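There are two complexes below, and they share subunit A, which is joined by subunit B in the first and by subunit C in the second.
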Partner chain A sequence: MTRGKPRVHVMDRISAWLARGVIAFLYVPIVAVVVLSFNASDVTYRWTGFSTKWYAELAGDTDLLATLLTSVEVAVLAATLATVCGLLAAMGLNRLRSRFRGVFMAGLFLPLVVPEIVLGVALLSIFGALHVGLGMGTLVLGHLVVTLPYAALIVFGAYGSLDPSLGEAAADLGCRGWTAFRKVTFPLLRQALAAAWLLSFTISFGNIVMSTFTNGVGSTTLPLRVYSLLKGGLTPEINALGTLLVLFTFLIIVCVGVRQMRQVLTGGNRSPQ
Partner chain B sequence: MRRSILATAVAATFLLATGCGASGSDSSSGGSSGGGTLHVYAWAGEIPDSVVKGFEQETGIKVTLDTFDSNETMTAKLSTGASGYDVVEPSQYSVQQLIGQQLIEPLDHSRIQGLDNLAEKFRNPSYDPGLKYSVPWIWGTTGLAYTDACVKEPVTSWKILFDQKYKGKVYMLDNMLASYIAALQVTGSRATTTDEAQIARATDALLAQKPVLAGYNSTNYAQLLSTGQACATQAWSGTSMAKAVQSDSNVHYVLPEEGGSIWTDGLAIAKGAKNVDAAYAFINYLLRPEVAAKATDDGASASANEKAREHIKNTDALKNAAVYAPDESIAKADFLLDPGPAIRHFQQGWTKVRAS
Partner chain C sequence: MTSTAVPGTTGAPGVRRLALSAAMLAPAGVVTLALVVAPLVLVIRNSFARTDAYGNVQGGFTLDNYGRLADPVFLKVLGYSLGVAAATTVACLVLGYVVSYYVASRPPQRQLGLLLLIIVPFWTDFLVRTFAWINLLSPGGPVNSVTDAIGLTSGPAGWIPSQGASFIGLVYAFLPTAIFPIYASLRGIDPSLSEAARDLGCGWWRVHGKVLLPIARPGLLAAFLLVFVPTLGVFVIPVLLGGGKDQLVGNLIVTLYTEFRDQPMGAAVSVLLLVLLLACLAAAGVVTRRLRRKA
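Our next item is the complex of A and B:
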């Protein structure tokens, strides 16, 4: 015991410091973004004094805000489509008991392993060959390709863990088809669907590779805009926008987190009423 | 001549896509077009918001402005044949490529007023003789930047980027053609050469330079200079360099005595443009001296419009070499041209350099 104890102690300290290092590595850049958004200087790398002028600048920058709106629209559409498609795929493939099931599953998850840039090139070539005008539609389709596997993974997991006897019990009680889905399956899957939607939203919102290939008239997204601004040098205005996004994300996490925390504290009662 | 991580992949795409889509001028465009809308596709930040708003107010034509990060991205979109854009803003070598691929329309000079407002050097440029396809909008240079904090000698030549004395403190632009400007000129060739032996000599110079370099960088080199992490860098003129020069009296931007190079981004009408009338109206509006002056006042770029100078309120920019390089310094600067088939020699050499 006396010999073992100090060694454990050292290991504990090492892992504690390692954890601190990792957390610092993850959060220092975010803190830096927030701090530098209040920089009076024209350049992001030199601090010259406190100012909120970049927030005013941001509020008046209709170009940048238009790209933010585009990004949100695309992310909402792509996330909703991905979640619905993921749910339908889970329901359909779960019933399918043939050897094609594996083929369909592989097809669904293939975009996870194919480099995104290849998918982007392929889509652009197809759109070109079919003379499909590039724009919001093609952008959402492109993002759907990227987000669907993630949404499907989450929904598949949740759907697979449902007790099949629940459906039978519902049928016993006279609840079939749409009503059973609405009253039994959907409430049970609600959290998984929300998770799938949020993950898809996040992936779509930050996407740059697929957007490069599939955007068109009137659909420049925020990441594309920021990326193309790099050439001219970024101003703290981008930091101000970043800060607001961090704040917004933080609020969502707090809302979702508080709800889940309450559920945990009240005994994890997640069954439908 | 500008950097893009995705450039190579995008370039590959348009090769693929041109096979199927180059003739799609009659296809339907994405989004609403025609009528009173004009779809513009330009470099980010180069056509200021004030210009777009002014045009909309005066003409009642609604403008959508999308931005790209490299000529290659823009070309890839046009080559689908259904991009839906009316006006695009290619750089000079890209104008040559777009002409070759028939992705932009020849301009009808009878519908354009104000070409004689342009500065002499942009009226009959080597990349588009007689401005048959494009109207220069802004211009800039590829040169050298250094800081007095570290460099104690006069800087007049690319040679400083090859100097052992500054080992680990110099950067080159992370861009194939830009790097070759320095390497070709320092070995006594012109930046526009397509001669295999001269390119090979330049490749050797780049290979020999590599141990001296701290790295290749085309994003935050101005920051590295200003914070003392670099002594000298190859640099593009423009907003970030101009800011560094203006905010730090130690930082300077010069064109090397070997010449450096000059680039320009101009306006062209995309093949199959739906709203050609509005496109000409837009080009004419941007050719007005008082509008062109906004490229400098609101966009911090150098305007190709000579008559705009008297309308520019930001006179600091006129004196800032990282915006308006002095006339005598650009006398020897060539427009970087599309190397055509010789691009192969550059690519092979560059691969060797980056892999070494």
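Our next item is the complex of A and C:
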């Protein structure tokens, strides 16, 4: 073994190529869905020619569109509730300096260490015991359980990095309570709140585990419907739907912005020790 | 001192301040207590309950549900699930580390672009990313065309459904989730640190093993949590890509609750899953603490 003299070690080259390979690997399936959604063939994976007929078919599928509407409704409600609860909790906790703070946080982030399927059967059990009928209401509550920890993580992070002197400055200038929130805190948190809402929306919209246990008759979500369709086999129409969902992903990322996204996903600019 | 909604305001914690805090904490607190803690307690309770002939919960106390879990069929599912979850987690951590190191060692401007490349699949719908593999791995599909071209296969060959497809689907689903926390712990490391180690005669493996891995440890632990926990409860991927033959514990719970309507039995499986998971987390915690002390 040479004593590490060469600037670029062989293993550095190998690991760099492996990393590039992995990043490419992340795109192979997505590209396949997009390309094959324009396949004229009935068999999704055998290319016979270009066609947009599956998009036309998708547009005429009222069953699927109805479940899409349900999913959007549930995701909007769950994301809004999660973001508001997360923001209120961040502000409430900040006023508290006690052991209670730790207990509260542990409870709030508990769903992150419990498999979602257990949370789902737990909710199903308690709704059953209380004779609560399954439907839109239970679906939204289930999604709130799943999304709240993520919304809270983002909002807590942003709230914690606010400069405390801003509050003091606002108070010195006679700005307190609601006015201080509206004029100082909220504008500073707006980006983080939008990111929390969009992440919650995305998690709720794509959710299938929790939905399996909390949906009722007439409140089937899009993923549940697609999942049951897929059990009968993949159709080009589902590829077309997948392509639209990929497009939707791009849209959300553009909305949030890459820098903000990195802030959210990797916890800002703090240097590790 | 009245309250301001801006952090950092000090002052005697008056009654009004406390009441306002309580009101702000109430929504999240109620959600946690009513929709997470209470339901989990009920599941634990139900796992000890008797059932009538229709599988309805009848109350009382029995250990029968846990006794029935000793059946080799159930034990096999549990063991297999733990094995699959462990293999998926290891694959995601190793690949996640390689990618994170690659991204973190690029110039800052390129890091953002590379990160964007990882964010797109991360935000893409879970089901889309799963059924995408059906396209790829079906007989006559793109992967088959490649293997035909390089002479690995001749004629239609498919890899769906299979355990291998299920494993690929799992790694694919959770890899982006693993990359972010590892990258977060590696970014911002001074490059001169590994240069110094190299100058002191550390080879590539020792630079990583002794310098970079310890720094990445919190990120690796977070990635472990974010991959291992959800993989243990997964049930969609084994059905769509594995053909539902080799059941995971997630499939078992869904079947018990929605098809057999055997709630106490389903509750017992859920509680066992939870206990096993907590044991794994505790073990992971002990191992990292030991490693930290040694380092």
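Simple rule for what comes next: the second predicted complex is superposed on the first by the 240 of 273 C-alpha atoms of A that agree within 3 Å, B and C clash if a C-alpha of one lies under 4 Å from a C-alpha of the other, contacts with A are read in each partner's own complex, and residues count from 1 in each chain.
Keep in mind that, in the parts below, a residue touches a chain if its C-beta (ideal position, glycine included) is under 8 Å from a C-beta of that chain, and two chains touch if they have at least 3 such contacts.
Computed from a predicted structure; not experimentally measured.
Enquirer: Once subunit A from each complex is brought into register, does subunit C clash with subunit B or fit beside it?
Expert: clash
Enquirer: With both complexes overlaid on chain A, does A:Leu230 touch subunit B (first), subunit C (second), both or neither?
Expert: both
Enquirer: Kindly classify A:Ala194 by the partners it touches after superposition: subunit B alone (first), subunit C alone (second), both, or neither?
Expert: After superposition on chain A, A:Ala194 lies in contact with neither partner.
Enquirer: I want to verify the contact counts: of subunit B and subunit C, which reaches more residues of subunit A?
Expert: C
Enquirer: Classify the contacts of A:Gly218 with the two partner chains as first (subunit B alone), second (subunit C alone), both, or neither.
Expert: A:Gly218 sits against subunit B, while subunit C stays out of touch.
Enquirer: Check the residue A:Val258 against both partner chains and state whether it touches subunit B (first), subunit C (second), both, or neither.
Expert: In the superposed model, A:Val258 contacts subunit C only, not subunit B.
Enquirer: Let me test your reading of the model: by the given contact rule, A:Ala56 touches which partner, first (subunit B), second (subunit C), both or neither?
Expert: A:Ala56: touches no partner chain.
Enquirer: Look at A:Leu141 in the shared chain and tell me whether it touches subunit B only, subunit C only, both, or neither; answer first, second, both or neither.
Expert: Only subunit C is touched by A:Leu141; subunit B is not.
Enquirer: Give one of first, second, both or neither to describe whether A:Asp42 is in contact with subunit B, with subunit C, with both, or with none.
Expert: In the superposition, A:Asp42 contacts subunit B only.
Enquirer: Considering only the touch criterion stated at the top, classify A:Val209 as touching first (subunit B), second (subunit C), both, or neither.
Expert: A:Val209: touches subunit B and subunit C.
Enquirer: Contacts for A:His131 in the overlay, against subunit B (first) and subunit C (second): which applies, first, second, both or neither?
Expert: first
Enquirer: Once the two complexes are overlaid on A, one stretch of subunit C runs into subunit B. Is it 19-27, 127-135, 181-189 or 253-261?
Expert: 253-261
Enquirer: Which parts of subunit A are touched by subunit B and by subunit C alike?
Expert: 43-46, 117, 121, 124-125, 128-129, 209, 212-213, 227, 230-231
Enquirer: Going by the contact rule set out above, which residues of subunit A touch subunit B in the complex?
Expert: 41-46, 61-63, 117, 120-121, 124-125, 127-129, 131-138, 209, 212-213, 215-220, 224-225, 227-233
Enquirer: Considering the complex alone, what residue numbers of subunit A touch subunit C?
Expert: Those in contact with subunit C are residues 1, 3-4, 9-12, 15-16, 18-20, 22-23, 25-30, 32-33, 36, 43-46, 81, 84-86, 88-89, 91-96, 104, 107-108, 110-119, 121-126, 128-129, 141-142, 144-145, 148, 152, 159-160, 162-168, 170-171, 175-178, 180-181, 184-185, 202, 205-206, 208-209, 212-213, 223, 226-227, 230-231, 234, 238-239, 242, 245-246, 249-250, 252-253, 258-259, 261-262, 265-267, 269-272.
Enquirer: Of all residues in subunit B, which touch subunit A in the complex?
Expert: 2-3, 6, 9-10, 12-13, 16-17, 20-21, 24, 27-31, 33, 39, 43-45, 49, 64-69, 73, 76-77, 79-85, 218-220, 222-223, 226-227, 236, 238-241, 243-244, 247, 300
Enquirer: Spell out the part of subunit C that touches subunit A in their complex, as residue ranges.
Expert: Where subunit C meets subunit A, its residues are 2-9, 13, 17, 20-29, 31-33, 35-40, 42-43, 46, 57, 95, 98-99, 101-103, 112, 114-129, 131-136, 138, 140-142, 172, 175-176, 180-181, 183-189, 198-199, 201-205, 207, 215, 218, 225, 229-230, 232-236, 239-240, 250, 253-254, 257-258, 263, 266-267, 270, 273-274, 277, 281.
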